[in-house]
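My questions all concern the structure below.
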């Protein structure tokens, strides 16, 4: 089985999500993680615009203009879903009731700080719910390509404005799984067929590397 | 028509309540004000345990154990009532959405300060919602007997702990209507058949008295 | 799906010295079966956060009479003379807080906020010894967030996943307490299949509820 | 009963320089007819408080394109390039605020609170120049309450008394904005007799709503 970079990231992130918990998947790459989650696990996906238990887009013609995700796209709801207003939605996020948030990243640094909301002078989208998610979720999982146009995104110190000063829980890329710790960034796993040297070369931050770095093990 | 002291107070308070507004009536004497309000006015009564649009006790056998007032007594609901949780209930009170609160008083003083929640060492009921109501309602109407066992309740300075440092809007008793102002307590009206001298004698606070103090004028 | 537990199993999770939030207003919307099981278990030294203690030997008043409570945070104890006596005698350490402030403190605990800034009680004896925060020259009374080990809540309906809907004035403090405790135990009047409660009528999403009290023998 | 007004009558109440809260999330749950009437009226110099500005020439994006907005407080403008351009060009003064903080600031305004204490954005560039409040040695970012002259909200159902119920993700900022403005104008999808919405399903009590937008010609 040859997996695309996105598939590697999404499948590996899926392994981090636990039965019966509430999870927020960011727009884009993180959204695709849900494809790899067995419904039997009872994991509920939150969309911060106000739903606990979002489901994928309904069949053509069945869309409801009052049921969308945070990007404004049509969604459906699982049986047992709950809809909430914005204060409650962010109460769930900021009060520590969200087990995990999966977000994309522009940069992550040796302290585990994430930058993902602005490129000054170029891109000013606003932070939306990103700062709340990174500050409030129990676990922050960064899901991103290891490099952008060949440039490392895992850097000694973020040059872009931070999303939060809190250390993220785990960085999952198409090359590696890396855990920020007090001592620094620890390389935990390699993507299938990827050598440690390749990861080090694609990373400008210092990595702490164990003698044996196992390959990511996917269920399927 | 001879009115009882309670009736005088309740009928006079009723004249202060405005069409289409939200009003909180305290337990006891204030609750009886609703008897004198025409339903056509569309005044909604709030009970701070979580209802906008409370109605009187339902017929025997129709009570619902999940529908009560702040004293735990059975109530009904008017058509168009809304039930809310405690945070929203007090959001309505503290956010200035309540047009008037009608409360009993133990003492009111020359600054218009109300004391009605505790008699240290004797009675420690707790303030419940009283402090929120006096701090947050747009208008605070004190409805009480002018004296307690012959002793004035309108005093130079409260000796009992205050409910709030905010000046109340109006004091309505079985003898008089008094408005606290920057200059002090202004005697606005006399109860039917009551002389100004009688009011002054029953009041230990200084009263500002106009040349003509009209009698309370009730609609009915 | 959540595990259904008996009131006794729920009570067995709660140890001496635990901090409990208990829903209800004068016993309306209180988890009466869970409270009775707690009394039966003989737990001691509890801290209770609740609006009131209902009446003597009713609702939370049962825990007061049983001597299970060491500390109480409430807004009103006026209709329970046993709680008043225990306060005056120094048997229970009672902190009286304005009802709206109490509700916001619990919400702040559950919503990850640093506390509450309010005008209520400012300048009164109820503010003595409390922190005043100046915002642009204006004083506000600060009240800290409240959290608990357990929230014991009651509701009208609960589905198999723990989605909860409340009814009428039995709602009161229950939804906000369900946000503010480590473990939430919910005592429903009725348990229904998933989907019976529409998404817009779920007041407390099931992810917040850890245990559902099973229906009673006679139900 | 409330007065039903046309979108044009509602727009006529809103003068140049007014501060508006507008409900909606990417246009979902926004009062589209009221917005269109405001654009038609040609009002200027507005301050808008809203989660986002939807898309170019859609929802609040219509007010942006019309040049009606001088100041914007929002959490996200990434999907409306016209708002981004207006911000970079200095045409609109844009304050970007984390979404959860923005929701709490509006709530604080409507609930009479002195502001919000949050960890979100603490230590980031988004906190620069903002007040930090120390609580027992821990820093919290302070965000002031927000209020408005008008809240323009949208809802699924509204009864003749102005009782409102929202639906699904069209709820978002609408209920909290209905608490925080001097005048609340509600644009319902459906208007029903009093009693059709049960008390437990009223999300915004009618006492908060000043005007109801009448049904449209084709409705």
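Labels for the chains are A, B, C and D, by order of writing; each one numbers its residues from 1.
Heads up, the rule we're going with is that a contact is a pair of C-beta atoms (placed from the backbone, for glycine too) under 8 Å apart; a residue touches a chain by one contact, two chains touch by 3 or more.
Since this is a predicted model, take the numbers as computed values, not measurements.
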Smallest number of contact steps required from chain C to reach chain D: 1
Of A-D and B-D, whichever chain pair has more C-beta contact pairs: A-D
Mean-CA-position distance for chain C and chain B (Å): 29
Centre-of-Cα separation between chain C and chain A, whole angstrom: 35
For chain A, residues that touch 2 or more chains besides their own: 51, 77, 83-84, 87, 90, 94, 136
Overlap residues in chain C, where contacts from two or more other chains coincide: 104, 107, 111-113, 118-119, 166-168, 171, 199-200
Chain-level touch network, classified as line, ring, star, complete or other: other
Pairs of chains found to touch, sorted by chain label: A-C, A-D, B-C, B-D, C-D
Touching residues (chain side chain C, partner chain D) in the complex: 104, 108, 111-119, 131, 133, 135, 138, 140, 142, 144, 165-168, 171, 199-201
Residues on chain D engaged by chain B in the complex (per definition of touch): 1, 107, 109-113, 159, 161, 163, 179-180, 194-195, 199-200, 202, 205-208
Residues of chain C touching chain B in the complex: 25-29, 51-52, 54-55, 74-79, 84, 87-88, 94, 96, 98-101, 103-104, 107, 118-126, 156, 166-176, 203
Chain D-facing residues of chain B, complex: 20-22, 42, 44, 51-53, 77, 79-84, 87, 90-92, 94-97, 136
Residue ranges of chain A touching chain D (in the complex, touch as defined): 47-51, 64-72, 75, 77, 83-87, 89-90, 93-94, 118, 123-132, 135-136, 161-165
